[in-house]
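Letters A, B, C and D name the chains as they come in the text, with residue numbers starting at 1 for each one.
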Amino acid sequence: MQNITLLIHCKDQKGIIAAVTNFIVKVEGNITYIDQHVDVEQDVFFMRLESQLTNPEISLAAIKEDFKQTIAQDFNMAWDFYNKDLKPKMALFVSKYKHCLYDILGRYSAGELNVEIPLIISNHIDLKPIADQFNIPFYHVPFTKDNKEEGEQQQIALLKQYEVNFIVLARYMQIITPKLIALYQNKIINIHHSFLPAFPGAKPYHSAFKRGVKIIGATSHYVTEELDEGPIIEQDIAPVSHINSVDDFIMKGRDLERIVLARAIKLHSERKVMTYSNKTVIFS
Amino acid sequence: MQNITLLIHCKDQKGIIAAVTNFIVKVEGNITYIDQHVDVEQDVFFMRLESQLTNPEISLAAIKEDFKQTIAQDFNMAWDFYNKDLKPKMALFVSKYKHCLYDILGRYSAGELNVEIPLIISNHIDLKPIADQFNIPFYHVPFTKDNKEEGEQQQIALLKQYEVNFIVLARYMQIITPKLIALYQNKIINIHHSFLPAFPGAKPYHSAFKRGVKIIGATSHYVTEELDEGPIIEQDIAPVSHINSVDDFIMKGRDLERIVLARAIKLHSERKVMTYSNKTVIFS
Amino acid sequence: MQNITLLIHCKDQKGIIAAVTNFIVKVEGNITYIDQHVDVEQDVFFMRLESQLTNPEISLAAIKEDFKQTIAQDFNMAWDFYNKDLKPKMALFVSKYKHCLYDILGRYSAGELNVEIPLIISNHIDLKPIADQFNIPFYHVPFTKDNKEEGEQQQIALLKQYEVNFIVLARYMQIITPKLIALYQNKIINIHHSFLPAFPGAKPYHSAFKRGVKIIGATSHYVTEELDEGPIIEQDIAPVSHINSVDDFIMKGRDLERIVLARAIKLHSERKVMTYSNKTVIFS
Amino acid sequence: MQNITLLIHCKDQKGIIAAVTNFIVKVEGNITYIDQHVDVEQDVFFMRLESQLTNPEISLAAIKEDFKQTIAQDFNMAWDFYNKDLKPKMALFVSKYKHCLYDILGRYSAGELNVEIPLIISNHIDLKPIADQFNIPFYHVPFTKDNKEEGEQQQIALLKQYEVNFIVLARYMQIITPKLIALYQNKIINIHHSFLPAFPGAKPYHSAFKRGVKIIGATSHYVTEELDEGPIIEQDIAPVSHINSVDDFIMKGRDLERIVLARAIKLHSERKVMTYSNKTVIFS
């Protein structure tokens, strides 16, 4: 039995849920999960549905074609069916920080992530030994003002070569170019080490320390052209106090970064995230 | 336009969601919210649906009758329709602790609770001035081993007189009798001042202090005949440390008790809680 | 036996702790609590000490004089002794929101706050019934652009008349004038309904909703001339998701506001807060 | 300049703080941190002090001897000086679970832990490849009812050989023998996958699921002869709901286990934990 995931969004209309669930019944699918959300303000309907296909003679391709010509057309939907049993391919971009890389590769090796990691790309050579340790191809793609275009081309070529589905910036300290963002819209996940929108940009722990906050945070979000302004996927926080130095903030923050990024990877790879209006709907 | 809430549970079967949503479309309801849950282990299906009825000529009574004879029968459902615009009537049981009572009455007076509070019942006279302050009828129903039956009769008579829908024990320090529990099954909410199942029974803060825990908690649950063993509605926690005395535990715990009880009242009064197998499904 | 609290800050120097603890031993005080903090970056030393005076023949006044002429001079300290058994007087400023007012008065009446509340001041008449309900004098001091000076004079006169030690803005929707801020430096506590420095100013819940954050917050801080920029005393957060409307944010936020403000009141009234460089040291 | 840490506990008495701080001044130490705690109920005094020794001619050995013959004797103290610059040696005990092992070794390799890890001991061979990956000696010490004594002897011999200071059970699924516990009293850290004292023993996530709790937890504690009853070092929690299966509990729990164990290792290795009456004092 094949397991599929269906994501839908469209203008809110009467009868969508009934139409979709009837369709699944028609193609002999067993609905194992359904969740929906209506953004009342913007009048948008979202749905996530998981199903077991019980009749092997009805292929996913045929179902897609049927859906496209009937329901999808009737309601003018944006939609996609995913084969739950296929793991998406995730590229890791890193610079010099080790903690998120170790955390992701540890989880990966422990079998916790529903992804394949075909390659790691870095603008520095420093973390190659860790990639070697975990037996994952490592590509050193230097990235400076002068070689920007060349670097971007190399990145894109590698991503194509390895058929990468989405990208995770595990404390990658370079701006992503607009061209790459356009190619992977809502498919590049960044971890920012503050509770956005507080402290965007560089050195957020230093700014948080200076402001005397009592709680620090971390935020994972999709990368858009506006720095640290993309749709937020996940946030978490930790208490701090006057006894903590900036270094303490940084050390406590590492745990936040690890966890908030790992959760975002999990949500995205399990197709539980939908985006619109620079926000996310998380079906978890 | 009337707003209704529909709660359903039954054995999990194919086609339930489609059948129910079709029914709502048929009676000209606009589905504004739908959520469902399947307990895969026990094979039970749960659904919560909110709808605006758009045709004033189709009454809620007629809808109920129709539903009963069609869908409910086909799927052998336990179900209920609620008029969202009617506030449930909530009785407060208290003893001597003031903090939960003040908190609930403050929220009630600030318009935060979707309930009516027709009366307060207490086994002590101490908190009558607070009831007076908020203009709510207060009944002193002493409750001792000797007058148990009489006390119970008085309680039940008052609850009937005021047409009470559910009961909240705001740190009521008496065992509820089996007869009352049977009359208000899954309709009596208690707040226990520990993170159940840790520290059931009396003096949980003292036990937590003795054990040297680093986190304390509070738990709101429905009352069943097994003390502190009923279905859990809501829990929350607060950090403690070696610098905290038992009195600090008690003081910090008060904030937990207030909030955890208030959330349970909100969830229950908005019909977001379903119970089965001594557990709750919370549609929030 | 009298209980006293001593707060000190000064340039960090060798021998301060030994000197102070020797002094307390000399005046026959029993040290029941001592905590200190050094801001290494700024080279400032902070200390909080509680003591029981065991010799009734040595008065607090005499101790103060002795301390002033010895230790305080030697180390060039800013310092103050407080009589722990005297409750500080707290004025409440409110506008139209009820929830923080009910919460504070409920806690006050339940005996949880170590303060006296001699009066409530408001720029609107709306909440007078709540003040009446709790038997606390209520003063309606309208405050508009036109009567600014008059309003301020009336406020200050009332604060003097009632010998107010500190002020709590329980969702008071008016700017505090520089003159009042100067009179009560680090003695006016505000509750801001966001996780500062995110979303300062008006309508933070609306901004948070628009940004699509996954966590909302509240912040209590001392009022300075820069709006929402004063030293932070306490912060807390609550998770939100796409299913929450702006109204849900507001409702969840109320619980944060209540708790974060109540904690700040408790910390301030127990002299556990010291301020410097627009930050706080919290000895808790 | 040498950095030292001093831990003290003794019966609470007048003048301890002054005596100790005077002593440090005498040996030309610069106090960089001091914290103390009095358990009022049990009349025990605890202190943690960090100091920089500024005179290279006064050795730590001499200081110890001086302290022993003066202050320590006067107040009948239990005490120890530690050289902050020496990393304690930590042995890892594992069985088959990978997640805590990967997490600890990742942190270790990223330079986050103030320890040396000279060896890993396991009752199974399964995790040897991970030890190899991180270049740490791995010893397979089978442990069954039949070879208990032999296994214990082998463990103890290895611990001696590598001069191990403390032991971390990173989901080690074997009971530790009384002899080993006696040798490493309050020096064996276990991670239990529940919010103790709730759900001690085997399969806590299954029990938590069955009880319908809304929050799960993890607890790190020192190992004593009573299973899961030792002094608690650190606890943390995560929310769960009806939509989570037992497998979800287990997966969410892994993040708790990783973090709660890592925090305990950090606290212990930095000598911030003192134990008494089966509880801990955490100076953090």
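Quick note on the criterion: a residue touches a chain if its C-beta (ideal position, glycine included) is under 8 Å from a C-beta of that chain, and two chains touch if they have at least 3 such contacts.
Going by UniProt, the chains are A, B, C, D = Formyltetrahydrofolate deformylase.
The model shown is predicted, which means the values in this text are computed figures rather than measured ones.
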In contact with chain A and chain C alike are the chains B, D
Between B-D and C-D, more contacting C-beta pairs sit at B-D
Greatest centre-to-centre gap (Cα means) from chain B is with chain D
The distance between the C-alpha centres of chain C and chain D, rounded to whole Å, is 38
Distance in whole angstrom between the CA centres of chain B and chain D is 42
Residues of chain A that touch at least two other chains are 40
Per the touch rule above, chain B residues touching chain D in the complex are 37, 39-41, 195-199, 211-215, 217, 231-237, 241-243, 245, 277-282
In their shared complex, chain B is touched by residues of chain A numbered 14-15, 17-18, 21-22, 25, 30-36, 38, 40, 239
As the complex stands, chain A meets chain D at residues 98-99, 102-103, 105-107, 109-112, 130, 133-134, 251, 254-255, 259, 262
